[in-house]
Amino acid sequence: MTDRYISKESLGTLITTVNKSGGRFVAPVLDARQVVYKEVASIEPVVDDYILPRNSYKEVAFPQTEVIYKYELNRAGVTIDPVEIEARETIVFGARPCEAASLASLNSVFTWDFIDETYTKREERVVVLSVGCINADDECFCTTVNLSPKSTTGSDVALYETDNGYIATPITDKGKAFVKTYSASFADTPKGEKRKELIDPEKIEGVDLTKLGETLAKTENYDNPKWAELTRKCCGCGACTYSCPTCHCFDITDEGTAFEGERRKNWDACQFDHFTLHASGHNPRDTQYKRYRNRFMCKFHIYPTKFNSTGCVGCGRCIRVCPVRLDITELMEAMSK
Amino acid sequence: MSNLYIPHLVTIEDIYEETSDIRSFKLVFKDKELRETFEFKTGQFGLYSAFGLGESTFCLASSPTRKGYIQCTFRKTGRVTNGLGELSIGDTMGFRGPYGNHFPIEEWKGKNILFIAGGIALPPVRSVIWNILDRHEDFGNVTIVYGAKTVADLVYKEELRHWDERPDIKLIQTVDPGGETDDWQGKVGFVPTVLEESKVKAENTIAVVCGPPIMIKFCLGALGKLGFSDDAVFTTLENKMKCGVGKCGRCNVGDIYICKEGPVYTATQIKTMFADF
Amino acid sequence: MGKMEKELREKAKELLESGEVAVVIGYGFNRRKTRVTPVFITDPAETDKLVFNALCVNNLSIYLTRKYKDVQRIGRPAIVAKGCDIKNIVVLITEGQVKREDVYIIGMTCEGVAYKQELLKEKLVPEIMPVKCHNCDVRNPHVTDTVIGEKSDFTPPEEPTGMVFDKIKQIESMTATERWDFWNEHFTRCIKCYACRQLCSLCYCEQCITEKNMPQWIETSAHPRGNLAWNLIRAMHLAGRCTFCGECERGCPVNIPLNLVNQKLVLTVKNAFDFESGYDENVHPPMIVFKEDDKESFIK
């Protein structure tokens, strides 16, 4: 399929058409002084001057909190009423090429052996329209993890900004089908409309992913004092994991009374001190650096070796949001030595 | 089933008060078909629901050779287990499973088996014990070393008496120093010490160890001294779990997910793992 | 700032070399030297890493609490602290969390910091300073073992001013329904990352009420009900203790105006008990003491 073009005006029409046909259109909007992904019904709130939204769009497939089932106690015992998974067509507009790679990573966790349909059913209906970055900030490090604003991994349609719209390159079958379904919004690229130049964030020299992987794979490095030295400042909040597009940990919890209520699947963070606390009081990750070490291992050892997928996409959200400015790239550098 | 996290409903058919805070349940699936078709292997675990309170992970403490029901044993420590502690015979609870790997007992045919357990860790071992005893003709000698803090903390007291009386089993019971009563017939001492003193022969013998992390650590040392090779020593790791199916990200030890690739490991495997349990 | 940093580094070196402290908790630059981040200096040769400038907004007193066993294991700490940070140390002392003699306080005179590091471009301008700096009465730190920097002659306004106070007045004039809507709108955004709690040195409980589940006091889900419960209960737990350091609001990734909640409670406690926390390590906060002449007008 050849490149198509969508003007800003047509984008507005696309948003209303998707909404009318029962789908969700998720795009970057300004909310409480920051850019976030949110459902939109029209183009008015959509912004284009942003580096990355504060949140990751993983929440369209993996919501922060969801009801798995409702239960009711009665004379007959217990009745369980499973909640149907709402799988609406969901268009994510304005995703950055770095984080577009993330759903594939989440997919690998939620489908190895057991298939978690609460995730897959939604993920199947997500169409990712990425927009290549023309700006980056100090925290962006996609090029350090072998991605770039040119990457198309995970994008269904890759969009590139022009003066008045976007040039659209369909990447996947899903993307091609999307452009076909909504063909009225797409046109041939008008003369004079050119892709704006993509930014090329500087690669962090000291980071060597191969060496990093090798270091992490060795059990003797697990007790390296560097871990504590470099990460003891971590305050143990969940801001990084909740902004991260590949963090997948969750909790299963009941809410309600002894007579009726619901079981929920909620995001959880390996950075919390109670995350791995045993009933006996024993905690394998009893200090903060051990919890941070787990998160880091997850990104650069577990995801790549176990799931053969990208653990870190270099979006830099965890650095921007960290209240103690713990910079993951500094640790990547230290562990590459 | 479309949703992984929806439990089967089970009825509590019988309750055994093992100690002041440890309980066992005999559970029967409400679904008649499942009652007949449900199968598991020794060493596997499940997630048990107290509705309104949540889910907890315990092993399947019964033997797969005993069909039609499952058993579990738990200590009342948290929200869910205290909730389960208040249920009565006939009440409904939830069960998901079986999950995880199992003890490779088919490979142990013809061998002697040494069981070592501490406190509340007897239940996973008990499943193997009954599995072996129910087919004792396939295996060699059975030795059980079981210890608890005090006499009152020993679980499955009825079965301990039964095993003690059986001529085909050697049962060594012990309690920690200070935990003995006036009429205590067993030994006094920590499990690893008692194990070492037992002089169990390592030749053609498989050891199954379950207990708190510190006990496992010292038992591995004691078994080494007795001449056991690490490949002949099996244990189960119990990390905190919420999903049981390799998703929730809690139980991993490095890149090993205890709930999927475990909980059963040989000492050889344990020794090459990241120190995260 | 050059002179202050030099003095600070010399002092830190002296403290570590003499063995008076085992670690200096302070601020250092990140790799790009664009942001500061907490550093733990144990080697006298590394005291050059210490910096002090308008980016040093973090309240490092969190590292004195028992949550940081790993830091406590290093040994006696010296802490680089601005007046506002010292207020929190004072509360920790009054609440028996830290003994005065167990910490060496390096008090930094301060001309204000940026509300968030990202806001600082070239130099500090009043517009990017948090409200606490504009009303600061501890620019010359008040409880210290040593003071670094020239004496500040800043006098805070008699009546505290700034956006937080204006907004509080505005909220006070709202109807109950409007107030409910206002707070619900903000709390609904909460993602339960607990950055507010983790950044607060006065939230030093090893088991927070949100982790207590027998019974489950607060629903852990990030739905409006659970979020409201969490934020209200946390506010109540800080009443009479909060020093208005502003760390919770700074750390909130979803911009919930927590300063409004906390300053409102500061004002309420001041009005009811004539008490402001963080000034005197020998005076206990009103919520943990009982006096016969306490006002009882709140019981209606």
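Here the chain labels run A, B and C in written order, and each chain numbers its own residues starting at 1.
The definition used in the following text is that a contact is a pair of C-beta atoms (placed from the backbone, for glycine too) under 8 Å apart; a residue touches a chain by one contact, two chains touch by 3 or more.
Keep in mind that what you see is a predicted model, and the values were worked out from it rather than measured.
Peer 1: Would you identify the shape of the chain contact graph, picking one of line, ring, star, complete or other?
Peer 2: Shape = complete; every chain linked to every other.
Peer 1: Please state whether A-C or A-B has more C-beta contact pairs across its interface.
Peer 2: A-B
Peer 1: Please list the single chain whose C-alpha centre lies closest to the global protein C-alpha centre.
Peer 2: A
Peer 1: Please compute the C-alpha centroid of subunit B, do the same for subunit C, then give the distance between them in whole Å.
Peer 2: Chain centroid spacing, subunit B to subunit C, equals 48 Å.
Peer 1: Measuring from the mean C-alpha position of subunit A to the mean C-alpha position of subunit C, what distance in angstrom results?
Peer 2: Spacing between the chain centres: roughly 31 Å.
Peer 1: In angstrom, rounded to a whole number, how far apart do the mean CA points of subunit A and subunit B lie?
Peer 2: 39
Peer 1: Using the touch definition from the top, which residues of subunit C touch two or more other chains?
Peer 2: Each of 216 in subunit C touches at least two other chains.
Peer 1: Indicate the residues of subunit B shared as contacts by at least two other chains.
Peer 2: Residues 78 of subunit B touch two or more partner chains.
Peer 1: Could you tell me which residues belong to subunit A and also touch two or more other chains?
Peer 2: Touching at least two other chains: 251, 253.
Peer 1: Please output the residues of subunit B touching subunit C within their complex, sorted ascending.
Peer 2: Residues in contact with subunit C: 78-79, 82.
Peer 1: For a test of understanding, state which residues of subunit B touch subunit A in their complex under the given definition.
Peer 2: 2-7, 9, 11, 30, 49, 51-56, 75, 77-78, 81, 91-94, 212-213, 238-240, 242-243, 245-250, 252-255, 260, 272-277
Peer 1: Subunit A touches which residues of subunit C in the complex?
Peer 2: 30-32, 34-40, 58, 62-63, 67-71, 117, 186, 189, 191-195, 197-199, 206-207, 211, 216, 219-223, 247, 250-251, 253-256
Peer 1: Could you list, by residue number, the parts of subunit A that touch subunit B in their complex?
Peer 2: 68-69, 71, 73, 77-78, 80, 82, 85, 109-110, 112-118, 219, 222-223, 248-254, 256-259, 261, 263, 265, 268, 270, 275-280, 282, 284-285, 290, 294, 297-298, 301-302, 305-306
Peer 1: What part of subunit C is in contact with subunit B in the complex they form?
Peer 2: These residues of subunit C touch subunit B: 213-214, 216.
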